[in-house]
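Quick heads-up: structures coming right below.
The same chain A turns up in both complexes below, where it pairs with chain B and then with chain C.
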Partner chain A sequence: MNTTRPYVRPVPWYWWLRRPAYVRYMLRELTCVPIGAWSGWLVYGLVSLARGPEAWTGFTDGLASAPGIAFQILVLASAAYHAVTWFNLAPRTMPLRLGGRRVPAAWITLGHYAVAAVVALALLVMGVV
Partner chain B sequence: MARSRKPLLWLPFAAGGTVAALILPGLVLLTLLASLGLLPADALSYERVNAVVGHWAGAAVTFAVVATMLWHAAHRLRMTLQDLGVRATATRRLTARTCYGLAAAATLMLAAALVAIQ
Partner chain C sequence: MSERMVRIEVLRYRPETDDEPTWQGYDVPCRDDWVVLDALNHIKDHLDGTLSYRWSCHMAVCGSCGVMINGEPKLGCKTFLRDYPDGVRIAPLENLAIERDLVVDMAGFGDRLAAVQPYLMPRGAAPAGTYRQTPAQLDRFQQYAMCINCLLCYAACPQVGLNPGYLGPAALALAHRYDLDSRDAGRDRRAEVTASENGVWECTFVGECSAVCPESVDPAGAIQQMKLACSLDYVLHPLRKGASS
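Now for the complex of A and B:
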């Protein structure tokens, strides 16, 4: 049995307030809270859709209410911040080689932005046409 | 050599993070603009959404998008709680079970709803 008890220096929970870079890190990590809540909300929406037109209208009325709109603005801001940080890290997390050459980091990041823009446009077109 | 279970968690985390970055901004923009009345009134109508999600391909894409985002959020929340000081074995186990348990429950409800819509 391992009886050694290594010393663990106590760290206060607000350690990330010390430096702007740590604050940005914590903000990035905390985008998962609105994103997770929104994903759960979408599941509720799909359950409403399965229940029928009235339940679905109840769901979209909730989206159009003042708290619903405030929540969606928060989710949009979180998703945008998450996307920016994710795309900036993409060249390091998903390095790409084409024809034996490294694809420049800026291309990988810009490629992600382009895909996100095309997806947003396609979704908006689906809602309009 | 001891095998780590981490890759099993990393795959949905990375997939969900990519999905949330590529698709979520456009998706929320769509629902937000529709909620504000800035899109045609039937943008999110029952018939329209039902036609997309009621098709097996639309249901498959919806499942992939929502489920990976759920697991991405669950994993990141668990890691962030550790960053915020949840270090004792018992509380770490509790937060892991809560985060992944909620994601698993939501995934099952999602699958049931999508099957019911077909």
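Now for the complex of A and C:
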């Protein structure tokens, strides 16, 4: 008679510390937390705007405070890290072909940076005008 | 050819006697040109005939000798001992049940391969004679046809360990290989499995499946492309249905 008794190794909670690539992956995923909090803060800004000048001033004072600025730097760093990792992965997610040939991966990544730059510039111009 | 003693530690599990795996060390006289598999063969032939492991071709074609080498999933036949001056610790592939010593249970993987229906499902009758395909049509899927089923990608994927039902990188990449084939019309049938709760949406793009692949297949890329395709299906399907009625 042939019987087996397979041994299943449990996955420990610290599995993501086992390889540097897992740690980088977790960092990439964790960038959503400050970005999510920032989105919530912006919604709070809209609510403050609707409430009147006093609430709005409170919101802008919060933005300009030292903890506010530190948090915004963290949000910017998170968004930049997420964008860079995502743009680097884009050629594998969206491989393009032109005239039956593969578009080089670097072109797809650079295209993403170009679109991001144009959108950022447009938003900046709209904000100033 | 110079020879040096290398400490090889192997995670052993003998289901008749062991409740859990334990490490066992061997001092092996290794030559400069030896790979890890050579050391395992030396142990089996000269030091301990009870050691169990899989191997066949010794040239990175059969995909049998995948093991964890110092915590990294690698092919034993493609990993030179000279790159490990301090010795190696060899364990069975992570995320898979251990049958015995370095032998893992592959039955679940076979079921996953079968589940994605990895064969051509042509539209209508197959042509009489030869299928014709241009080099450009071949180039679309050829990369994903290079998989040797070594399971290194399953050992590298944390989602495989965390979600036992997940189809996993190799099976999904193989499904993608057929989805991209110009001779195939079975994508909708495969999507019933690949877009299900155990399919592509279990992947969170850790990307290590592609990093460890000895054949440079890119399962992570394949899975993201499948996510994009099934998202488009979700949006476009009602429109297509409306257009056809």
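Quick note on the criterion: the second predicted complex is superposed on the first by the 106 of 129 C-alpha atoms of A that agree within 3 Å, B and C clash if a C-alpha of one lies under 4 Å from a C-alpha of the other, contacts with A are read in each partner's own complex, and residues count from 1 in each chain.
Going forward, a residue touches a chain if its C-beta (ideal position, glycine included) is under 8 Å from a C-beta of that chain, and two chains touch if they have at least 3 such contacts.
Remember, predicted model here, so these are calculated numbers, not experimental data.
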Check the contacts made with chain A and report whether chain B or chain C touches more of its residues.
B
First, second, both or neither for A:G127, with chain B first and chain C second
first
Kindly classify A:A50 by the partners it touches after superposition: chain B alone (first), chain C alone (second), both, or neither?
first
Regarding the shared-chain residue A:T93, is it in contact with chain B (first), chain C (second), both, or neither?
both
A:E29 in the overlay: touching chain B, chain C, both, or neither? Say first, second, both or neither.
both
I'd like to know which partner A:P6 touches here: chain B for first, chain C for second, both or neither.
second
May I ask you to decide whether A:R19 touches chain B, chain C, both, or neither, giving the answer as first, second, both or neither?
second
Determine, under the contact definition given at the top, whether A:A70 touches first (chain B), second (chain C), both, or neither.
neither
Check the residue A:W38 against both partner chains and state whether it touches chain B (first), chain C (second), both, or neither.
first
Would you mind listing the overlap between the chain B footprint and the chain C footprint on chain A?
8, 11, 16, 29, 93
Please name which positions on chain B make contact with chain A in the complex.
14, 17-18, 20-37, 39-40, 43-44, 46, 48-50, 52-53, 62, 66, 69-70, 72-74, 76-77, 79-80, 83-85, 87, 102, 106, 109-110, 112-114, 116-117
Once bound in the complex, which stretches of chain A touch chain B?
8, 11-13, 16, 26, 29-30, 32-33, 35-36, 38-40, 42-43, 46-47, 49-50, 52-53, 56-57, 60, 63-64, 68-69, 72-73, 75-76, 79-80, 82-83, 86-87, 93, 112, 115-116, 119-124, 126-128
For the complex, which residues does chain C have touching chain A?
13, 15, 18, 20-21, 71-72, 94-95, 97-99, 105, 136, 139, 158, 161-162, 204-208, 210-211, 218, 220-221, 224-225, 228
Which of the residues in chain A come into contact with chain C in the complex?
4-9, 11, 15-16, 18-19, 21-22, 25, 29, 89, 92-95, 100-102
